[in-house]
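Before we start, here is the structure in question, set down as structure tokens.
Labels run A, B, C and D following the written order; every chain starts at residue 1.
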């Protein structure tokens, strides 16, 4: 398979095609007849997935540096270039967004009835934005994609959302934008400083990385600028209130994209930009403790709050905050195991939360309500949906044997050395997450069917099964056999940890296995 | 040469002009005070023109034309406002509220 | 020479007091017409001072244009609107206090200007690294006296006016045109 | 042959998947489901027997079976999905597949009329899969898959009849209690890995001695964390509240999960990681004390329960206490021995109770009486209609009370002996011994009471229902008979020396617990005279309990639940399980819910962060905007003043 891909020069054109295809499809979808929009979008999405899956084999896990690299100067005067590349950190996220695209398009087949062309065009734009963020190795390009995908998301929530969607959409955009405009200042400042010192201005990631020591005097506020932008996206504890609103108001496709990929941009940003550029400041004793504590607060707090949510989507939104807290804890654990765990949580959270949002979307399409109280005893009426929901619920709370456990276990195990007490507290979330998930599952599926409205709703049809099926299969596969995923991210994780360890203060517990 | 005293005189006249503008309620009187301030400035030009050449006086010449134009247009505006509000009292005219 | 200087100084002070007095009265009169006339008297005093400062042509223009035309316009408008006499036309205390306070502050600032003698100005300009050649900005001696001597009072003004400052001269004519059109449009009831 | 052990797991897995598909596609195909369900278990049992005798002839103490690389993270952490068959797991394999198989057979009869028949068997097979993974796991994470997997299955099976809220609540409660325990196991895993660098059981046993000095606090912390997990899973003192409620599930489930297999996982884990416990003697004392206390308290609650399954549930909690006491004293083999014998007679008791309930349910259904089929006060005199069930339950009662020839006597006596022997070195164990003896007395009492209320006297369920009473079909009574035999002959496995036995189980488990026993001070041998005294004391306790229970119950007038007066005084507290459930609800559950709703959500999230933080900045911007607009108030004079002020200020700065 790898040989076949190499034969067609796969690694040279794949990223450009992945980025360009959805953009080119947009006008076609916009000017196609309304009925055909869905089908075109689905075909394009399938093509994108088929092409994208090739990355899995074309990626060479042994090399730890960037692969599929392209470097074309764009605005030479400022040193901005169209520089893209994928390495261990971004490979899985790119694959996730590529695989999610056809599922999202197919998932919202029935749910979106008005302005379909606009909707599917926006999905395409959103997908390019997302892919762009993960593949860009030029800071300007990264920032451009980073801001670009706010627009489609805003319209998706704003137009196709439910009750107070305008509030949620505006809050989402302003929150993210306020967070990230400081980042732009920081990027330009960095390029200026490095440019003046080396005489050659360039936004390239490697160039800035090699001269990161020049930035040490301003390391403090530069890191804070980056951290603020990414913390809002993660969302880290105090900056998370936009997520529940955005999720409750977004249509299914919007919610899925938001949960599966948009949230990962924050943590990816930390791993790729914020920490490697300013390791001295980012991993200092105080910053490390502050961020680790915030993420642990986020984990436990969000789980507790999720327990009492009346609205299903809001509950899953808070559970996302809790899962992303794990990723942040993993990143700051700064051991190969915890970073690999962080990436695994990103992937498995995408799978399980994506599936959960799809199913809630299907329930919403049937009963047009997200309140848990309106449901009850659906297991008798929709056995398939109930089974799928239970499996996904257990994967989301980290039942060993399913995908949730792999990530969470590695994060906690890896970070235990650096933050033993915080990890112990974070581990209590195992109980709370079980509490909120089981309690809500019980109130929706496993008690008496009292509400007559619930009698008539039909079980999953073939289309819906085709959306949920692969996700559940992926969950079980990742849960039982995550080795290939781990092998692909090990190189990048090791490279990241080696780059960052010199800046690390001594850990609480010595290196495991050091004893005789 | 009398440079010092004339500059002092123009300063006094200018201050009186400013005070007049700030204190008086009647729009036309405010205009007159502006004219007074302009005359004070003319005096300064003339005083220094003795020393630095005739361009000072030419400036006075231009100041006068501008003053004339300004007076004409200003009074026309006051006329228009008066027709509208039957009063020239500045404190009553606040249609341009923010 | 000393006596001649003191005589003009005395005359200068007479006119100065006259000007300040009439200006003060112009501000404080509650009747608009009275303050207009007091302003005219200030202008006459100033015209006289212009003459003392060897700006005879400008003095004539002052009387002709300023006192004559502009103030007449004012009087005309006051008559047209026949404003009745408004007792203590001053504003309530906050504006009044601010006005006087501001005037005082301005006064003190201008007094400090007194210390800016031309010599100090010349010295400062010459020491400061400015692109302009200080001698051009502050020519010595009373260049004005030499010019009036050679070209006469009006010539000394007319020659630079129509040569050096020709463009501004033409621009003022455009300005006056605009003012006329503006005034007509604003004041006329319906076009 | 040992390498084929994965087959034992593959069969039930195939069964679970097949039954699940049947449940979704054709739930009515009951015969197919039962053939798959029971057949798969039979297959697993055959593999288990094969593995067992292969191991007997295999010189190696334990045989690793690596299936695939599960989590190859880095060179210092690479977890394989591997099994390790050693003497302990071989025995457990036999018990699980054996007793499990019998219970599957029993369920065919018991659940025949239930619409969710296929779904039931899918869950039951899945449970066996996870239980086997737990027992066979080579490293802690792999066992952890089984550990939480059985928790999942018990959640699904307890809440099997999810239509009734109480059942799904009980399921949820069971899972949450287990999860609290799992938190302990997780923390223990992290500590173990960071201290020893390995999570393999063999690796742990080897490295523990080298890394931890005897009595080291790290070892104590790990041991206590592990024990927290065990209390969660095996329903010991702090976290036992879920087991009685778990009776909401079908009776065979109670038999399988809450008597024979899952609840014993805790004891299994302690024995598996015995080397860590041994390095922290304090932890073993904690285990013993908690075990003895649980035995005593649970037995006391059992005295006053009227629901037949609740009595048996508290009896299980009590017997588990015994096992932990046995392990706590360092006599790991006798702990496991009691585990095995308990699996036999407790499964028999539960299945017996199951057939009684099944018969009564059937009778009350036909008699259209809505009496509770599980309340002993509606039973009585069933001896006439259900002779087989009565005789087998009698055998089980004698076994559990510890009457000599039966298996219960041998296992329970060994534990009492070990406790007494260890007591000579540490007085705390004497207290445990006394508590255990008291528990034995009470066990005999409530078992006799149960037997008397159910089978003796006259039938209190109304004459109309009486005609429909009959003994259970052979598919249900067959397993009972087999279990009865095992209860009787169970003692043979580990006959003590004074009876001429060779203590086979002791020697069989020697290699497993060898390192642990090395590090601990050996158990002093209790010589002739006092040994005899001990045994006679135990037998006396059993006899007194049995006769007392029978005498008191047959004397008392037992009224049907409708007429019986409200309990009062001390017995009221006992009946209401010392109000422990209500205590937990008030102290832990309600405050957490209140905290998360009132404080965390509405105050912190909605108000502080959202309204103040986000809304605050919005209002701040709005305020600045309003201020700006105040400047445009239309007053020309105001503008001029501002203009003048600006000019003057500039002038002052320039002129200075």
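The rule is simple: a residue touches a chain if its C-beta (ideal position, glycine included) is under 8 Å from a C-beta of that chain, and two chains touch if they have at least 3 such contacts.
Nothing here was measured: the structure is a model prediction, and the numbers come from that model.
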Intersection of contact partners for subunit C and subunit D: B
Most distant chain from subunit B, judged by the mean position of its C-alpha atoms: D
Of B-C and B-D, pair with higher C-beta contact tally: B-C
Distance from subunit D to subunit B - Cα centre to Cα centre, in angstrom: 98
Centroid spacing, where centroids are CA-atom means, of subunit B and subunit C in whole angstrom: 8
Inter-chain centre distance, subunit A versus subunit B - centres from mean C-alpha coordinates, in Å: 68
Centre-to-centre distance between subunit C and subunit A (centres being mean Cα positions), rounded to whole Å: 73
For subunit C, residues contacting two or more additional chains: 91, 95, 98-99, 102, 106, 113
Residues of subunit A engaged with two or more neighbouring chains: none
For subunit B, residues contacting two or more additional chains: 18, 21-22, 25, 91
Subunit D residues within the subunit B interface of the complex: 629-637, 640-641, 644
Subunit A residues within the subunit D interface of the complex: 171, 175, 238, 240-242, 301, 304-305, 307-309, 336-337, 340-341, 377, 379-380, 383-384, 387, 394, 399-401, 405-406, 409-410, 412-413, 416-417, 420, 423-424, 427-428, 430-431, 434-435, 438-439, 442, 445-449, 480-483, 486-487, 490, 494, 509, 511-516
Subunit C partner contacts - residues on subunit B that touch it in the complex: 1-9, 11-26, 28-29, 31-33, 35-36, 39, 42-43, 46-47, 49-55, 57-58, 60-62, 64-73, 75-80, 82-83, 88-89, 91
Subunit C residues touching subunit D - in the complex, by the definition given at the top: 91, 95, 98-99, 102, 105-106, 109, 112-113
Subunit B contact footprint on subunit C (complex, rising order): 8-9, 12-13, 16, 19-20, 23-24, 26-27, 32, 35-36, 39, 42-43, 46, 49-50, 52-55, 57-58, 61-62, 65-66, 69-71, 73-74, 77-78, 80-81, 83, 86, 89-91, 95-96, 98-100, 102-103, 106-107, 110-111, 113-114, 118, 138-139, 142-145, 147, 156-157, 160-161, 164-165, 168, 172, 175-176, 178-180, 182-187, 189
